[in-house]
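Shared between the two complexes below is subunit A, which pairs with subunit B and subunit C, respectively.
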Partner chain A sequence: MFDQVKNLLVSDFKVPPNQVTTAATLVDLELDSLDVVELAEAVDSKLGAKISDDEIFELGTVGEIVRLIESRVKQADD
Partner chain B sequence: MTMCGCSVVKRAAIVAGMAAYVPSRAVKNSDLVVSIDTSDEWIRTRTGIEQRYMAGVGTSTSDLAVEAGRLALTSAGVTSVDALILATSTPDYTCPATAPAVAARLELGTIAAFDLAAVCSGFLYGMASANALIVSGMAESVLLIGADTFTRIVNPKDRGTAIIFGDGAGGMVLRAGSVHARGGMFTFDMGADGDHAHLFHTPAGGARQRSASNDVDPDDFFVVMQGRKLFQHAVNRITSSCVSVLGKTGWGVSDVDLMVPHQANLRITNAVAGRLGLPADRAYSNIAHVGNTAAASLPIALTDAAISGRLKSGHRVLLAAFGAGLTWASATLTWPDVHALSNRTNPQGETDV
Partner chain C sequence: MAVTGMGIVSPAGSNVERNWNRVCSGTPTAMADPALIGGPVTFSCRISDFDVDCLPNPRQTRRLDRFAQLALVAANDALADAGIDTNDWNGSRVAVVIGNGAGGQTSLDDQYRILEEKDHSHVSSLLLPMFLPNMVAGQISLSFGITGPAMIVGTACASGADAIGIARELLNSGRCDIALAGGTEVMLTPMMVAGFARMKVLSTRNSCPTSASRPFDRKRDGLVLSEGAGILVLERWKDADARRARIHGILRGYGASSDAHHVTTPEPRGLGLERAIKSALEDAEIGSSAVKHVNAHGTSTRLNDVIEAQVLSRVFGQHTSVTSTKGVTGHTFGAAGAIEAIFTILTLQRGLIPPTANLTELDPDVDLDVVAGVPRVQEIDTAVSNSMGFGGHNSALVFTRM
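On to the complex of A and B.
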């Protein structure tokens, strides 16, 4: 899932690939508040996980976002 | 005759004159970097804005409104109208309304004149109101002006708002005619949701603040914006309003020659166009050159689009706006054969969507 999120950040949000690490925060990646809304929608439409912009906003790092997406995908599968 | 007794040839408001006016002082992104922690690249990337115009010392909303109104009357080739509507949320005074003073300065006599406050949706709300006055027979012609000096209520230290807003005014003359005539308005869709009024508001200066305390933080006279939530609402509301108005008109998205939206942020325009499935070259944007001018944004965009040739007589046009309140509106019309006027020498600039 990390690779999928990384690909999303690189392709849709023009984040340099080498900056996307599990420890990176959205601030580190220079994503602003509107990007967070767009990221939540992209995660839903492209990765099939429903997470809100509020949830993304409150999470600290890419790793935490990836874990939340994985848990939502698993919930959906169950 | 139809069952309701209406004439078969439906009476409608026709766009007869179009104009825009901005203050002379252009403020580029690089000028803002001096006082705000930001950069030209950051502003361009995040908003699409390269510059905006700011009213000079002593210039207020009515001053811009009068100039835009005068140009609109000239564009229409008329010297009188039956009513004047001024869409603004930065009136000269909290009391009285600014529209009567604008009508007087334009020497329009004792016509009905009133302000309309729907923030960035104000001009479209105004078009719907003017249309209703004309269709009902209460007026044969209306001068509609959208004018705002938002830089007066934006905190110059707030990066979230100071980079976005500019000052300006735009005017449109509407006259009675047939819905089938070029310039005829077809359908409107309007809505509001006051549960989210706090997402964009000015805490002080109104009766609410005065009722509570005399101890006011000076910063409370500036607008407060929760951009993330506002963005979300804007994209959702504008998209659904456009779908609704297109349905009422009987148009598909492919029937739209040009969508002219309120110029709030290029990313909102992009997101709405994407959701509607509208090709990028059919969504107009001039935000790079004027910023977000609130109620003035739509008439300035229409004027720029007409002067640049992007908007041609007979084009099927979709208008859309979203503003604080929350308010939103959309409309469909065919563009008339009108000679739009602007005080800018080169208003052809267009932002890539």
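On to the complex of A and C.
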């Protein structure tokens, strides 16, 4: 899932690939509030997981966002 | 006011030289447009070679509608042409004035489709930043660290010319030292084309797009929608001279007026346009007999061309050569006044008048010396560029050679 999230951030949000690590924060990636709303929509439409922009904001790092997406995908599968 | 930098992105080319060569060749840019299949008009003038990756900041680019992307590239080119280092300027003394009619129509149409097909939760958070017409001025200010006044001017097809005129006022009044002024437009969406078609102003030569835009020709049947951006760098002459800038031409006068006649139809005698031209000449302190060339608005609609021609005959008579570069570029709407201002400056600078493409038989109601066929070599000191917009807006710019 990390690779999928990374691909999304690189292709859709033009984040330099080397900046996307599990420890990177939204601030590190220079993603602002408009981006986060877009990211929630992209995660839904492209990765099939419903998470809200508020949830993304509350999480600190890419790793945490990936874990939340994985848990939502698993819930959907169950 | 000195014009020290120029940038154009249009269907005629991705830079000023390519545009100039294309309009001088008289080769139309109109062609079949796959995005318009099924509509009443299935062709347009569309920029085919625009590469958004040429913009320096891809993260900013993804937040720009195409109308702002084009303007940003043209602005970047104009600043480079002016030899201005934006890392080493006082941005608070720089103004941005951009003409635009419709804002980010492409984004608006896309997001409306998403709203209809999905629901509100899928509408992009970037809709407003991409759609709002003023965002082009905001994004240019953001890109180049411009913290002086940044605004748009909306007078439909006259927007680009009015933006240049208003930028000149800002410079004249001392509110800024450098102005980025021009116009941009992208409204080639099926919905906008349908709207234009319903107004009966578009050419319907679907079987032969290249012959569709034919200003002043007896067989013209309407305008051809296009897209593009044109940006000029303006400075007071003494400032430009002091920094030994290359001066392309002098913006000598500006005049604007309103018809107060009809929402889209020009006043039948062209009295509004005549007032705008005379006001610009007065502003320039130049008599009409000194004007040897006019880059006409010349849209290729039946009404515009005849009314404009009558005005030009009354004001200038037969001694002034006239061209319309829309035969090649199509009608770039809010960008037209700026792109054509640049063509007018190049005509003065190079002593060459681009021909009016597709003009094979002059409308008998047009009693003017309209350049057709091949470019005409002619040394010209003073020229006028005209613009008229839906809403009854008229504007004229007077340029002189360096």
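We take it that the second predicted complex is superposed on the first by the 78 of 78 C-alpha atoms of A that agree within 3 Å, B and C clash if a C-alpha of one lies under 4 Å from a C-alpha of the other, contacts with A are read in each partner's own complex, and residues count from 1 in each chain.
Quick note on the criterion: a residue touches a chain if its C-beta (ideal position, glycine included) is under 8 Å from a C-beta of that chain, and two chains touch if they have at least 3 such contacts.
Everything numeric in this text was worked out from a predicted model, so none of it was measured.
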| item | value |
| --- | --- |
| Which of subunit B and subunit C A:Val37 touches, first, second, both or neither | both |
| Subunit B versus subunit C as contact partner of A:Phe57, first or second or both or neither | first |
| Which superposed partner A:Ser45 touches (first subunit B, second subunit C, both, neither) | second |
| Partner chain(s) touched by A:Phe13 [first = subunit B, second = subunit C, both, neither] | second |
| Set intersection of subunit A contacts, subunit C complex versus subunit B complex | 33-34, 37-38 |
| Interface residues, subunit A side, partner subunit B - complex | 32-34, 36-38, 53, 57 |
| Subunit A to subunit C touching residues, read off their complex | 12-15, 30, 33-34, 37-38, 41, 45 |
| Touch list for subunit C against partner subunit A, complex | 58-59, 61-63, 121-122, 124-126, 129 |
| Residue ranges of subunit B in contact with subunit A within the complex | 46, 227-228, 231-232, 235, 265, 267, 271 |
